Every structure is written in structure tokens, then in C-alpha cells.
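Shared between the two complexes below is chain A, which pairs with chain B and chain C, respectively.
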Partner chain A sequence: MAPSIKEFKFMLHRMKQSPLSIVGLSIVLFYVAIAVLAPVLAPPGPSWAFVRYTDPFMMPRPITNPSGGTVTEPSPPGPDHPFGTAEFQYDIYYGMIWGTITAFRVGLWVTFVSMAIGLAVGIVAAYYGGIIDEIFMRFTDIILAFPGLILAMAFVVAFGRSLDNVLLALVLVGWPGDARLIRGEILRVKQEDYVEAAKAVGCSDLRVMFRHVLPNAIYPMVISATLGIGGMVLTAAALSFLGLGAPVGYADWGQIISSSQNWIGVRGRTYPHTFLIPGVFIFTFSLGWNLLGDAFRDIMDPTIRRR
Partner chain B sequence: MEKSLLNVEDLRVRFYTYEGIVEAIDDANLTVREGETIGLVGETGCGKSVTSLSVLALVPPPGKIEGGSATLKTKEGSIDLLRQKEDRLRKIRGDDISLIFQDPRSALNPVYTVENQVSEVFMQHRQKEIVKTALDELEKDLQKAGSFKKRVYSYEKKIYEKMLKNPKALTPKILSRIPIANRYRRRLRRELRKEIARILQVMRIPDAERVLDMYPHELSGGMAQRVVIAMALACNPELLIADEPTTNLDVTIQAQILELIRELKGKFGSAVLYITHDLGVVAELCDRVAVMYAGVVCELADVNEIFKSPLHPYTQALLESIPRPGKEFKTIEGEVPSLIKPPVGCRFNPRCRKATELCEREKPKFIEAEKNHFVMCHLYKG
Partner chain C sequence: MGLRAFVIRRLLLVIPTLLGAVLLIFAVSQLFPVKSRVALYITNPQRFKPEVIERTIHEVGLDAPVYVQFFNWLQQVLGGNLGWSETAQLPVSTTIAHYFPATLEIVIFTAPVIIFLGIYLGVLSAVRRDTPIDHATRSISIIGASLPTFWLGILLLAIFFVALGWFQPGRLSAEGINFVYTSPNFIKYTGLMTVDGLLNGQLWITIDALRHLVLPLTVLTTIGVGGIIRLMRSSMLEALNKGYIVTARAKGLAKKEVINKHARRNALIPTVTVAGLMVAGMMNGLMITETVFAFGGLGQWSVRAAVNLDVAGVLGFALFTGFLFVISNLIVDILYAYIDPRIRLD
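Right, the complex of A and B next:
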């Protein structure tokens, strides 16, 4: 497969030319490394742990009170806890490391599933047109008419607080945008001469759709998906912050910020590390995806590259 | 000697738009003889392109073919293109009749290389032949292969035989999606590549091997048009419809492309339906000319006849309006009628100098006024 290797090399070459895409890629790769190495960077059940959870995503807590109870107040960074601890003494460093996996799960899973649903709905609507198009698109309009965050909140409240429900809620608000985007693109590409030309050489409808229309229509969607991964993580964090995400103690960046609400400055006791550290993680994570999304646009579309 | 290849009779196409029913083509008649070049001339919007698309049954919605017939003579007898099932039509498109588009750049899919685009035409219509040559090559390799290679080759052979038996067989299709297992396609692609390079060379494309790996946007306009023509001629069609193939090219390239079409016509023996509004090109390239006005073919004759003794008043006026040095420049009074409510009777009557009361009442018939000279006008009796 020599041509595909050549193509890949060319992709790397293009990336090298734009420093921002390199930054984006490095950030994302950095987080991938953290996620992959999580069991090494922060082994579950450290020696100082007071409560041992069987779920590695539950953040460990140290023994701080000889009587056995837990301390509510966070503690600043120290030798055992490089990033300090959050409310109820949860170790922030552990939470950050394992939270990366959660972030990828949220971002990739939600984006992938809503893209798949959106693609299916968009293709069916654009391909058949007429009444089917009307029904599908009006349905997506109905969902788009609700403010996304509110709809997601309503969904989670109705079905119970859990990370899985947050994922489903994000898919629920995510797919209509994708469906609309792909439908519009397909309708645009259908007008192009080369589609007519493909029909004129005797291609079947399905072949025209999947070989000629879709490859030309999919770019905006791939870009919006990569840009969307960051956005999904942000929305998930917002839901967690509102107390609708993962349960307390779960390694999820939004949840850790949520638990810092009492220590932002109330009662004169401030622990800025409890919200700054997760904040920086969330910020850089979505920044990385955004930069990478921009780079994808430049690299993947053959019509705007190679000038 | 002059057998008709395509016979369009009383073709009627309407577009159902919001503004009203556009009577785009109204009883158009046209014959294309085997191996000839026929020019289809007319103003913008007179229905030239719609006529050609109707022949392929590709009129875009909201257009509908409402009447008439288009009989094509094929190896399996005459068929009416307007009354065929979709899969029969698909076999005809690109194989018996192919189309060259106006703008070569937009007629090529931007995400595929030239090789991929041209190979699609071959795979649609010539898969059997390609697979057969690949199989022959394989047979040769098989004889001199070692024991390990023999196993690989016999696996390939099985797939190719399956493809040969049934072009729509599922196994090769599925295997082509699986890495490593799809390596059998390499041989197929090599054969295709040879074939495509050969046809590109016929198109006078310099450095064909390099062009194969290019994307459409990397090609110049003339080069892109050559690729489009290569795709159109790949399967040796009986009829080539060229829809203003040179309008978007500059004059020197235009001359080259015209030269190429003329030369290829001799080589491939296809009939060419050349759609244009450039009378100069028609005079140079065509054997016969059909003149269209507002959705009807008003005159059809030999190219010399048309230029020397045009019969239809529109053709006469059209030829007079060609600017010539030292001569007074004449125009046709009035303007092209709207096709939503076209004039009753002869569509040219509001602008015709010789119009009578009959012309406003009754539609003239398409008659043979002189030998091989057809006209649609009340002035002539057949």
C-alpha cells in the first residue's frame, strides 16, 4: 500500500508546517499518554489510602483522622498528594490521572455515537427527500429547539444521576446538529456536476451516494466532530459541576471542580488548587482538540491542500 | 449508408416549478446517424442540455419527460431510452452513450485521483474484460511460481474466477475491504492502470503515468477536459454527447480539444452530438446541424445547407446576426419568450418577419421540406 504511506507522510509534512496543529496534536497525545499510563502514574490503592475501592475510578482517601472519620476540609499539595486533596480528602492527583480516561470516554464515545446517529438520519433524509426528509428534519428541529444544556439536565434528572446518563444526555443533544450538517452538505454535493457525471457513466444510486456524495460531504462533519470532542467534555464538566454528573469521589474533572464549590472563598478559607488544577486540565484538553480539529480541516480536504 | 443511431421523436419535457410549468422541450425531433457529428445549436436556455439529458433519462427534478420517444440502436436491437428500467439504463449510460460536461473541473470528483475516476467507468462496464486479462496474467505467473507463491496465486485465482462468473459476487467485495486479504486487487489495479494509461495517451496527455496520480484540482483546464473525454470514450460508446465542452477553456486549448475530438471520432467511430452556441465551431466540426429555438428543433440539415440556404426564418435571422466586417450588423427583433407561457402556435411567431395568422394559431409540423432538410415552419410544405 505504497500510496497510502505516501499520503500519510504528506499529512505529517502538512502538520509540520503549521505550528498550532503540532501544539494541538502534542496536547492530545500528552493526554493519550496519561490515559494509557494511568495505572502506572497513579496505581489504584496507594499505601496511604484509608478507604480501598474496588473501582479504580474512585479516588482514594488518606487516613487523616486517627479516630477514623474523614476530614471535610481540603489540604494543600504535599509529598503524598502532589496536587493536594479535594473536599473529603480525595486525592486530586489521582483524580486528574484517572479523570483523563473519563474525559476521553465522554469525548470520544459521545462524539462517535452522536455522529453515527446524525450520519444515519442525515443520509436517509437527504437520500429519500420528500416526506421522510420532512419528518426526520422536523424531529431534529424539535430537539434543537430546546436549549442543549437544559435538555441534557432534564434527561439526567429524569433518569438519575450517573455518568452513563450524562453520556446518553449528551448524545441526545449532540446528534441533531450532526444530522442537519450532513444533510445540508449532501444536498449541496448532490448538485455538483461530478455527481451527474457519475450517474451518466452508469453508477447506481447507492454507489453515487456512498462513493461520490458522501466522501465530499463528510469533511465538515469530521471537523465539527473533532472540534466537538472538546466541547462535549466542557458540557459534561458543566453538568458535573451542577451536581448531575458522576457521583462524589469519582475521577471526573467536572466532579472535582464541583466539590470545590465550598472552598472558592466562602468563610475565608480558600483552596484555589481544588478548582484551578482541574480547570487547567479541562481547558487544555478542549484546547488541544480544538487546535487538532483546525489542523484536520487543513490536512484532510484534498481541494484546499497541496497548493 | 446513413443509418440512424438515435432517433428522438416528439420529445416533450416539462419542469414543474413554483412559478409555473416550464415547457422546456416541446415536440423536439432529432436524428443522429451512425458515426456522424451533429451540432445542436441554440441560445442559452433553449433546451439543448435538457435534450441531451433526456436521452440519458437524467432530467433533474422537478423536470419530467412527458412524451415522445428516443430510440437507440444497440447491438441487441432498438430500444426506447425513455421507457427503460433504471438498471438497463445504467448499462447504457457510459457504455453506449456517454456525456462530456461543460466544466471539466466540476465534472471530476475532487476526492479521487484521475486513476480512480477513470477506473470507475471501466469497472462499471468492462469489469469482465479486465478481470479476464488479470486472470491470464495470473495464469502465466502461476506457471513459474514457487510453492509458496503458488498458494497465494491460486487463492487469487479463485477470487478472480468468482468475479468472472458473477460480477456482483459478495466474496470479492467483502475481501476488498479487509487488509492483506484485499491484496488480490493489486493485480486488478495494475491491469486497470495499464488500460487507463493507454487511453490517456490516446488523449494526448503528456506524462500520463504522472497524471494518473493527480487530483482534479492539480490539472489544468485543458488537461481536465482530456481526462473527462477519456472517461467518456473509455468504453467506446456509440454516441458521445458533448455539452459545450470548450466554453470554459481558452481559445488555444479550445482549438486543441476540437482537434482532439475530430481525431478521436475517426479513431473510435462514435457519433458525436455536439452542443454549442458557437456557429464557427459547428461549421468547422459538424456534418449536420440541428437548430433549436425555445424548446423546439426548428431546422435540421447538412451543415452546408444550413449556412448556404437556411429555410427557417429563425435560422436565417440567426445567420444574419453574425457580425461580419463591412456588413451591417442585424439583430433579431424582440426577445426570447418565457417558456412558462410560450407563444401559441409557432414559438417563433412573435419575432418572425414572415409570420402569418396561421402561425399564431397552429403549431407547425416537423417536415422534410427538401431532401434531408427538415424544418418546422408553415412556410414549407413537405
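Right, the complex of A and C next:
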């Protein structure tokens, strides 16, 4: 059996052993199921919708408050609204289901694109070295000179407030980290004995890079990507919460919590369903990916793999 | 090379980084229409008026080529002029100076807690590996990393403010604010309410300020301590496996001494770096925490500026925090070189 297949099977075996990684994987799969089944679980435009939005990501809302308060006041969970409604009567259950798709979109898209750019820049910089390396690294240094959320905020203000621009801003802020990571790993692996052996045997530069260096340099990226998805969703939720991301009414977990802030302490009530439920979703989503990333880290690092 | 040569070299490297940071902010500013950018250059709001705005644009040089604009702006920034903030109705630099003490007060109390608690729990976790303590600490760590900052803040507010009434948002209670800002006897020596309360002999102000710091501190610590715990734990585990530890034990040194004197000291090295990175994380977290708790600091103002498209405010804030971050990284690097002599030989 080829060593890589054996190693992969070993990785699966180790994952099955660790309870936390099973939990992480289950959580992630649970959310995948929700995302895939969204049109079934929460059909767009139910009968009580006030406005039939054409965009399925805009949450439907009834024309009056089901629990009898004002139209702006959130109403607690009830027969028509399993999770209750938020400010302006947006249905929270719908927001949670379709918000899962939004969360995946944010996490996967940003991580994937930022990693792609980071890989390209990092590989080129590490491969050519010299002045090209210096220029690229200076460039990443400049972006990394700013705390991430603050620079992302500046970008969003410049591009205009929307979820797509938040994604773009997060990519711009995120790729330097990935570039530095892959560059560091490549430089480390380049010094390993097996690379020197491959060169001595006569492998071309390209073969050495793609057959020997990259496969060994890539797994920190995988770990970083998995952990990054959780963090990305938190950051995007924060930006939406601050009012810089998805517009009001969009099915985005952070955005729903944003409006809940207005009702904390009003008339001595806290309307917990408006922030508890979306918050639990964000928290567990991020937790799932973090647990998975941790499990990957424990399993993929060759120095502690077989301890 | 010696420590001094390293410090000098590192200091010189800061200059192109800072220059690059200014360049990046300038590039972002170019994304805005010319009329919005006027706010970046002037501190007199009269010059914004539609009647005179064209003249102002010309005076300020916004119709000149891009590189000329950049040099003009660079000169101005080095002179301390960051423009006019619409949201604060003050020059940006004044606004930053005004809101900075509140933010600084949070940082002064939170950073030591995160660092020392993180180090302590990380070491504990490593030394008692795979025990319930270890699992509990790692749980705290990963839960903290998965919690949205703003959600934790809202949750704590709902429980401790609305339900229990123990703590309130804001920086001081209403009586405190009234006293601090209107009483002729209260002199703001530092801008930090905890310190000023003591210096003015008004202990209740200090206690009031501390009470309002509890919730923001809890939020920031819960989120931030996880990273330090994790790093300290792994570097401690690595250090404990090193040969010199076994030697020390074989020589007969007490376990406690070995842990504290030898292992921990070496394990602290990567933690110093993370503590520096933590500064960035705190700035991110502060924006959110200050907004949730209406603390009246730099972070809260910056969010307001962003939401209101206050160009000069947002960019000025980004530049300011960028500078702070670069300087703190510099300090960390020098500290790192001081602790670990191997780094200087790089």
C-alpha cells in the first residue's frame, strides 16, 4: 500500500479516536446539512410575510407584532415563529437557517481566496528569493502593520457597506498572513535533508518544489485554514454587528444581534431570544471549526503524530 | 552582533514599515471622491462649505498629481495634522487625544490580567498534562476563541446589568460623570479615572471607575486568554522535554524549582512574541467591547466614524493604531532579543 494512503488512513483512525475531533466534525456536518436543506427547512416567503422579498436571504416578517406589541418590538418564540422575531419583526428562525449559508459563504470564500493569493505570493517569494522575496515581504509587512479588524473596517468604509465588500476587505487583510506562513514553511522544508537528497539525485527544480517541498509545507496551511474559518465568521459577524456589513433584514447572524442591542434594558426586559439564539449559532459554528482545526493540528504534525 | 547593534538595526527597519503604512492609508484614501478627502487635510470646518470647497481643494493640493498629494499629506501627518472628524466635530488628532485615556485605562488593567493568567494557566496545564485541570484549561481556551466578543458583552450586560443590576455600561456612573466633568475641584491629571480619583483624593471615583471596568475586562480576558494559554502550554511542554530539564532533575533539583526556574523561563520566550501580537487582538476587541459597553474610548468613536463615513476619522484612527502596533512590535522584538541571545546572532 502506498505510504500516503496508509498515512491518510492513520489520520482518519486518529480522528475517530479523539472525542473532541468527532464533536467538531459533527458540528460542522450538522451545519452543512442545515445549509444544504435551507430551502426545505425555511422556505422563502411564507404566508404571513409582509413583503415577499425576491432575495431569499432577506428575512420575511409579518405586518404586525404576533405577540401584540409594537411593530418594531421583538416578539418571543411562538406558534408561527419558532425562534421569535427580532426588531422590525424579522423571523429569527429563518435568519438562523439561511444565515448558515451566509456563514459558510463568508468562511469558505474568504479563507479560500485569501489562501490562494497567499499561496501564490508565498511560493513565488520563497522560490525566487532575493529581491522579489524582499519586495513581497515588505508588502505583507505593511498590511500586517495594522490590526486586522481596523484595516478591514477602513476598507469597508472605502468600498461601501455591504456583505460582499466585507468579504473583499477580509481577503485583503488576510492573505499576507497566509503568504508569510507558506513562505516560512517552504523555507524550512527547503533545508530538510530529503530535499537536498532529491536535488542530489538530479530532480528538476519544479519537481523538487511540487513533489517534495509543497506537500510537506502545506499542512500548516490546512490547519490554519480550518481554524481560520471559525475566526473569519466571528470577524464578519463583528463587522455586521457594528453596522458595517450586511444590511438590516439580511440573514446574517451578526446582523440580527446588532438590532438586539437596542432592546437590552428597555422596560426592564432583555428579549433574550434576539441575541441568545443567533449567538449560540455563531458560537457553535466557530467552535466546530476550531475543534476540527485543533484535531488536525494534533494529527498532522509529524513530530507528535505517533506519540 | 551585540544587543545595541540589534536594536539600532531594528529601529532603522521601523522607518520603511511606518512609511509603507502611511502609503497604504493614503492608497485607501484615494478610493474616496475628492470632496470627501478634503477632510483629511484641514482642521477648519468652514473650509468645507460648498461655496469655498473648490478653493479649498486647490489650496490643499488635491488637484495636483498623486505623488505630490502624497508628499503633501505625509508632511502634514508628520506634523501631527490628521484632518477633521465630522463625527467628533473636532480635529482628528484632538479627538484621538481626547478618547485615548479611556481606552488606555482598559488596556492597563486588562493586559496584565490576560498575560499573567494566561501564563499561569498555561504552565499549570502543561505540568498537569491530561488531568482534568488540563482539560478544563484547554476548554476555556477554545471556548474563548470561539465566542463572539460582542455576544459575550451583550450576554454579560443582560445578566449583570439588566437582571442583577450589579454593573452598568459606561465608564462612570452618572454621579461620577457629573462630578468629574463639572466639579471645579476635580483636576484631570492623567485622564485615567482610576488614577485621577486617587490623585484628587476622591476614592469613590476610583472605585466607581473600577466597577465599570469589571465587565469589559471580563469580556476581553475571556476572549484573549485562550491564545496565551495555548502557546504557553505547548512551549512549556516542549521545554519540559528538553535535555537540560532531565539533567536538572537527575542532579536532584526539586521539581518546583525545575519548573519555575528553568522550564518556564525558556517557555516564556515565544509567549513574549504573542503578548506583542495580543496588542493587535486587543485593539480589535476594544472596538467591539467599547461599543457594547458605551465606554467612550477610541474604539467606540472609530466605529461611529466608520458607520457615519467619517473619512478622516477612520483613516486617522487606522494610522494611529498602525503606529501603535508597529511600535509595540518593535518593543517586543527588542525584548525578545534581550531574553534570547540566539536571536541577536541572526
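Brief remarks follow.
Keep in mind that, in the parts below, the second predicted complex is superposed on the first by the 276 of 307 C-alpha atoms of A that agree within 3 Å, B and C clash if a C-alpha of one lies under 4 Å from a C-alpha of the other, contacts with A are read in each partner's own complex, and residues count from 1 in each chain.
FYI, a residue touches a chain if its C-beta (ideal position, glycine included) is under 8 Å from a C-beta of that chain, and two chains touch if they have at least 3 such contacts.
Please read these numbers as outputs of a predicted model, since none were measured by experiment.
Under the clash rule set out above, the superposition-derived model of chain A with chain B and chain C shows the two partners fitting side by side.
Of the two partner chains, chain B is the only one that A:Ala200 touches; chain C does not reach it. Judged by the touch definition given at the top, the superposed model places A:His212 against chain B, while chain C stays out of reach.
Of the two partner chains, neither chain B nor chain C is touched by A:Ile131.
Greater residue coverage of chain A by touch, when chain B is weighed against chain C, goes to C. Of the two partner chains, chain C is the only one touched by A:Gly243; chain B is not. In the superposed model, the vertex angle chain B-chain A-chain C (Cα centres) comes to 90 degrees (nearest 10).
Shared-chain residue A:Gln261: touches chain C; no touch with chain B. Of the two partner chains placed by the overlay, only chain C lies in contact with A:Ile142; chain B stays clear of it. Residue contacts after overlaying the shared chain place A:Gly230 against chain C, while chain B stays out of touching range. Nowhere in the superposition do the C-alpha atoms of chain B and chain C come closer than 10 Å.
On chain A, the surface touched by chain B in one complex and the surface touched by chain C in the other have no residue in common.
Touching chain A in their complex are the following residues of chain C: 16-18, 20-21, 23-25, 28-29, 31-32, 142-143, 145-151, 154-155, 157-158, 161-163, 280-281, 283-284, 287-288, 291-292, 302-303, 306-307, 309, 311, 314-315, 317-318, 321-322, 325-326.
Interface residues of chain A, counted against chain B in their complex, comprise 3, 192-194, 196-204, 211-212, 215-216, 302-303, 306.
Residues of chain A touching chain C in their complex: 138-139, 141-143, 145-151, 153-159, 230-231, 234, 237-238, 241-244, 254, 257, 260-261, 264-265, 268-270, 272, 275-276, 279, 282-284, 286-287, 290-291, 294.
Considering their complex, residues 56, 58, 60, 87, 89-95, 98-99, 101-103, 106-111, 120-121, 124-125, 213, 215, 217-218, 228, 231 of chain B touch chain A.
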